[in-house]
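Here come two complexes built around chain A, the first alongside chain B, the second alongside chain C.
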Partner chain A sequence: MNTYSYEKNQEQFMRALKVIPTGIYGHLGPVEGCFIPTSAYPFFSQRANGAYFWDVDGNRFIDYMCAYGPNILGYNDEDVDAAAAEQAKAGNCTTAPSSIVIDLAELMVDTVAMADWTFFAKNGGDVTSFALMVAKAATGRKKTILVKGNYHGVAPWTQKLGYPGIAAEDVSNNFYVDWNNYDQVENIVKEHPGEIACFMSTPYYHPVFADNELPAPGYWQKIRKLCTDNGIVLAIDDVRCGFRLDMAGSDHYFGFKADLMCFCKAIANGWNVSALCGTDALRDAVSSIMYTGSYWLSAVPFAAGIACIKKLKELNAPQMLIKNGRKLTEGLVDTAKNHGYKLTVTGVPSMWYMRLTEDDSLMLHQEWVAECVKRGAFFTNHHNLFMCCAITDEDISHTLDIADEAFKVLRKRPPTTINSVI
Partner chain B sequence: MNTYSYEKNQEQFMRALKVIPTGIYGHLGPVEGCFIPTSAYPFFSQRANGAYFWDVDGNRFIDYMCAYGPNILGYNDEDVDAAAAEQAKAGNCTTAPSSIVIDLAELMVDTVAMADWTFFAKNGGDVTSFALMVAKAATGRKKTILVKGNYHGVAPWTQKLGYPGIAAEDVSNNFYVDWNNYDQVENIVKEHPGEIACFMSTPYYHPVFADNELPAPGYWQKIRKLCTDNGIVLAIDDVRCGFRLDMAGSDHYFGFKADLMCFCKAIANGWNVSALCGTDALRDAVSSIMYTGSYWLSAVPFAAGIACIKKLKELNAPQMLIKNGRKLTEGLVDTAKNHGYKLTVTGVPSMWYMRLTEDDSLMLHQEWVAECVKRGAFFTNHHNLFMCCAITDEDISHTLDIADEAFKVLRKRPPTTINSVI
Partner chain C sequence: MKDQLTMSCINLYAVLQNMENLVELDRDAKLLIENAEIAIQFAVRGGPAALLSFENGRCRLQKGKGRSNISLYFTSPEHLNKMFGGKANPIPLKGLTKTGFLKNEFTKLTDRLTYYLKPTDELLKNPEYLRINTILTANTAFFALAEIGNNDVLGRLNAGRIPDGDINVSILGEGPSLHLKARKGRLEAVKGASSAPRAIMSFADIEAANGMLNGKVDAYTCIASGTIQMKGFLPMLDHMNKLLSQVPEYLK
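Showing the complex of A and B:
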């Protein structure tokens, strides 16, 4: 099995560095994207289709990052893209919005169990930030309880004091608790009566650099009751999990009902839209807030979203993704075992997290992943991975062959130091 | 000249109200969109082309709002949309971004005089918020000076204390000055030595509900010197003006050089992208900040942006828009005069502001605008209007006929009360 080389990727990256700070920024870039060692990774794609993307050197990858989530049906899904193309001919970003926005809002309300209404924006962060504003408007309070390690976007309130560009005031209304620790939440609520506007969390714990954790039995039901009893808005950030656990919403999957649900990645298979869904009790609060953006009512992503959600429902996508994720991860665990390694897999299998255990330096895991990437199975380190509906049994089988080969390489040599183009 | 009726618009709006708070939210909606009286306005479009959109009742409008700015070449521009469609076939939102992001970054750096680098996001508000974070990271300070009445998006720091969902901490690092008042800026800088990270403003004053105002002679040059002398980052919000005044940037148009420039609306003719441009001195600060979003490196809007900017340069779009805007507004002023009214026009003609004077209640202006809209010339009230390159002399002539007819109606009747579907 030949390993890939990345000459054109490196050339393009050097070109990018001149006009783009860090070359590629954010979660798609080598710095924040957990592309370690960077020498093992492609930086720029040329094209994509189904479960694959091809980089600028022509290397093909089975893509288990799915653009960090948006690719749920498979790249360039023909039904979604045909709907987008058809809408583009009629109109996209227009002074009076297309009535297709109503069609998608009705479909969201019909699909998401807790939703009485939907509000569309562009980024996950648009709707997590808006959820806090809605909670503040509805309650007249300003404090929020967040779970340490959860990611809710990049707005200053989501970041940490001491991070570049963040002022103390940006995070001064946040309380932080540990995941699955109900008592901490309850104590904060007791110690600050009438002050907590919102409890916001992902439906389960999927941070970076840590095993993912499902909610403990009864956790969400107790949180729900605590919020209801104390007039606190319960907001779920379903940006990453949304439609990968349950088409009716991840609160539904875990047996409770949120007041607000934030969706983004899987709505429109990569076409640019996010959504806040909510209950009737919060309709007036939403309506009271000035919140908008230049492209927020553009019609093309709405057309794509309608086609995507309908297809996800037809396929029963969450079940398919969980089943195939389980097949893949069980195979990876077995493959590791055959070579004397232990691979720990956590989270829901449609968006699992994995790490080689007995590897405190993390370098063994990183080297194994690097050997997989260089052979065409695209994983990143220390971040959950994603399944899409286009991944076939053959792709899974090929991935297991790659994993096997990568373990062989690992056994043949001692760990090396991290190399990097940065 | 028949007036339009809006039965299907009203029906769709009633349908929307069930699943979308306020039916249509934000600046495209009847509540915040200055669609007064709402009975005169269409709510939903069916299709758009060139300078026109058609509503769900089939009424055609010459569109002088241009989707609040993004429509600069004309709706569904064939060059832009062909580039977008071609890129969509290759790939859009992928795990490794397309190298087309570099092409657009190079084009931005080549086009915008002050730009050494470009950072892309999705909303204008993404890049105005990021500009503040960059300024804070670069200076280690946290205070910002803003101009009262300027619009920089919807993030909490852009809003006012007392608005729903806004906490005191959200705006506690803001100082506010009057437009064109250099002394106020200087005083704040003197009173808070070493505390001001950023002065942010639009390049000229284009608030709602007020005549627009150009910078006084020497204003920007004095502000530039004050910022340089005191280590303050000068950030220009060119979201609305960008590429409607000068392809090299609105700071260039007014003869100064900003440190950061925020672009959005006119970059890609409605395809979803925004950009922060900056100087080399701020490259490290940008690189230090975690700032990203799910779709920020999607390729389709980049392809559209390249096609759009190239075409804008070929057309010398800002000059064309200013010339045609002048032709239209001079015609409107004359038409008003013929009927004994005075129409005051302010701002740069490519995005002018207008109001009927001697009308303290604003209702005369609103009634005249309503009569124009009902005959197919789409204006809004109390907000600047926009020219696009697809507007022809014939469109302008037809608009003047509509304006004339609307003034005739105004003269025949006393002002009525505002009616509304809300």
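Showing the complex of A and C:
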């Protein structure tokens, strides 16, 4: 099996560094710790189709990051892109919005079990921030309970004191609890009666650099009751999990009903739209808040969203992704075992997290992932991975061959040392 | 905002500790102390204490108090910091007959230290100067980082987020190393590499290290371009780097 080289990627990256801070900022770039070592990874893509993308050196990757989630049907899905193209001919960013916004809102309300209404924006962070505003407007309170390690975007309230650009006031209304620890939530509610506006969490625990954890039996049901009894808005950040667990929403998957649900990544297969869904009880609060953006009512992503959601339903996508994710991850675990390694897989198989155990530095895992990437299976080191509907059995089989060869390389390699060239 | 207690700890434990390396790396400095047998106690009311010893041609800085020939007292962390800025004098409590060492050899040593810690582009063209500057600047930065993590209000938050373990910081090949020990939110900088690091930050070469440490290129660009490479348990490095970004606030 040939390994990839990245000369043109490097050339482009050097160009980028001159005019763009860090070359590629944020989670798609090399400074966020998910591309270890950076030399094993491509930086820029040339094109994408189905389950694959090709980098600027022409290397093909089976993409298990799916653009960090938005690619759910497969890149350049014909039905979604045709719907988007048709709407583009009719109009996109217009003074009076296209009535297609109503069509997508109706589809969201019909699809998401808890939803009585939908409000559209662009990114996941737009709607998680809006969810907090809605909760505060509805309750007249200002405090929020968040789970340590959860990711809700990059707005100042989602970050930590001591991080660059963050002031104490940005996070002063946040309380933090451990995942699955109901007692901590209850204690904060008791200690701050009438002060908590919102409890926000992802539906299950999927941070970076940690095994993912599903909710303990009864956890969400107890949280739901606690919120209801104390007038607290229960907001679920379904930006990452949305439509990869359940088309009706991840609260539905785990057997409870949220007050607010944030969607983004899987709505429109890469076309830019996010959504906050809510219950009737919060409709007035939403209406009272001035919250919008220049492109939030653009019509093309709405057309793409309608086509995407309809197709996801036809395919029963969550079930398909979970089934294929299980097939892949069980294969990876077995392949590791054949070479004497233990690969731990956690989370839901449609967006699993994996790590080689018996090494708390994670260096062994990083070396194995790097060997996989250099052979065409695109994994990041310490973020959950994603399945998309375009991944075939053949792709899975090829991925397992890559994993097998990567383990062989790992087995032959001497242990990592302080001065080893990474 | 610069905290005086943190600054005083940096002055003693990050800046002054460079004397250890200076007398090994710089011939002039080595000659200055080759016959010195003296220990200087620095004591700060409401602040840090350190014992700086010269013996057998070597120098050693220990945290805390010990047997000394000269004892210098400072009424507050701010008093010590002013002395390091050349705007105040210490109160000598012991060793009045030995002040000759302070006025002569010790002053010359601090001049040599300043020479190496305040580089110019011209000086950096000399490979030996660049090597010594890199080692001393790296020591200063990472020992200062530990003091910021242990004392500064915001620094303590980021130090508390560093999972337990050792972080190696090294220059690839035969370059110098140091490591940072993180244990329950407390940090300790140690010269030399840890044999069991949980995370590693390595510079491609001494020029790369020097460029970043002297602020000629930012750490994120170095990471992006691969001149700084990281591996292991990255959350340790992520929070260490946030502390590192606080260092210039104290040392500018």
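Everything that follows uses one rule, which is that the second predicted complex is superposed on the first by the 413 of 422 C-alpha atoms of A that agree within 3 Å, B and C clash if a C-alpha of one lies under 4 Å from a C-alpha of the other, contacts with A are read in each partner's own complex, and residues count from 1 in each chain.
Following the convention adopted for this analysis, contacts are C-beta pairs under 8 Å (C-beta built on N, C-alpha and C of every residue); 3 or more make two chains touch, one makes a residue touch a chain.
Please read these numbers as outputs of a predicted model, since none were measured by experiment.
Peer 1: Look at A:Ala90 in the shared chain and tell me whether it touches chain B only, chain C only, both, or neither; answer first, second, both or neither.
Peer 2: After superposition on chain A, A:Ala90 lies in contact with chain B alone.
Peer 1: Could you look at A:Phe302 and tell me whether it touches chain B, chain C, both or neither (first, second, both, neither)?
Peer 2: After superposing on A, A:Phe302 lies clear of both chain B and chain C.
Peer 1: With both complexes overlaid on chain A, does A:Pro21 touch chain B (first), chain C (second), both or neither?
Peer 2: both
Peer 1: Just to be sure I read the superposition right, which of the two partners does A:Tyr163 touch: chain B = first, chain C = second, or both, or neither?
Peer 2: It touches chain B and chain C both.
Peer 1: Using the superposition described at the top, determine whether chain B or chain C touches more residues of chain A.
Peer 2: The partner with more contacted residues on chain A is B.
Peer 1: When the two structures are overlaid on chain A, which partner does A:Ile36 contact: first (chain B), second (chain C), both, or neither?
Peer 2: After superposing on A, A:Ile36 lies in contact with chain C but is clear of chain B.
Peer 1: Kindly classify A:Phe256 by the partners it touches after superposition: chain B alone (first), chain C alone (second), both, or neither?
Peer 2: neither
Peer 1: What is the contact status of A:Leu362 with respect to chain B (first) and chain C (second): first, second, both, or neither?
Peer 2: Only chain C is touched by A:Leu362; chain B is not.
Peer 1: Name the contact category of A:Phe243: first (chain B only), second (chain C only), both, or neither.
Peer 2: It touches nothing on chain B or chain C.
Peer 1: For chain A, which residues lie in the overlap of the chain B contacts and the chain C contacts?
Peer 2: Dual-contact residues (chain A): 21-22, 24, 163-164.
Peer 1: Using the touch definition up top, name the residues of chain A that touch chain C in the complex.
Peer 2: 13-14, 17, 21-24, 29-31, 33, 36-39, 160-164, 209, 360-363, 366, 381-382, 416, 418-419, 421-422
Peer 1: Show me the residue ranges of chain C that touch chain A in the complex, using the header's touch definition.
Peer 2: Contact set of chain C toward chain A: 154-155, 157-158, 161, 165, 168, 170, 172-174, 177, 193-194, 197-200, 202, 220-221, 223-226, 229-235, 237-238, 242, 245.
Peer 1: Given the complex with chain A, which residues does chain B contribute to the contact?
Peer 2: Residues in contact with chain A: 12, 15-16, 18-22, 24-28, 32, 41-49, 53, 55-56, 61, 63, 65-71, 75-76, 81, 84-85, 88-99, 101-102, 105-106, 108-109, 116-119, 122-126, 129, 132-134, 136-137, 142, 153-156, 159, 163-170, 172-173, 239, 264-265, 270-272, 274, 283, 285-298, 301, 378.
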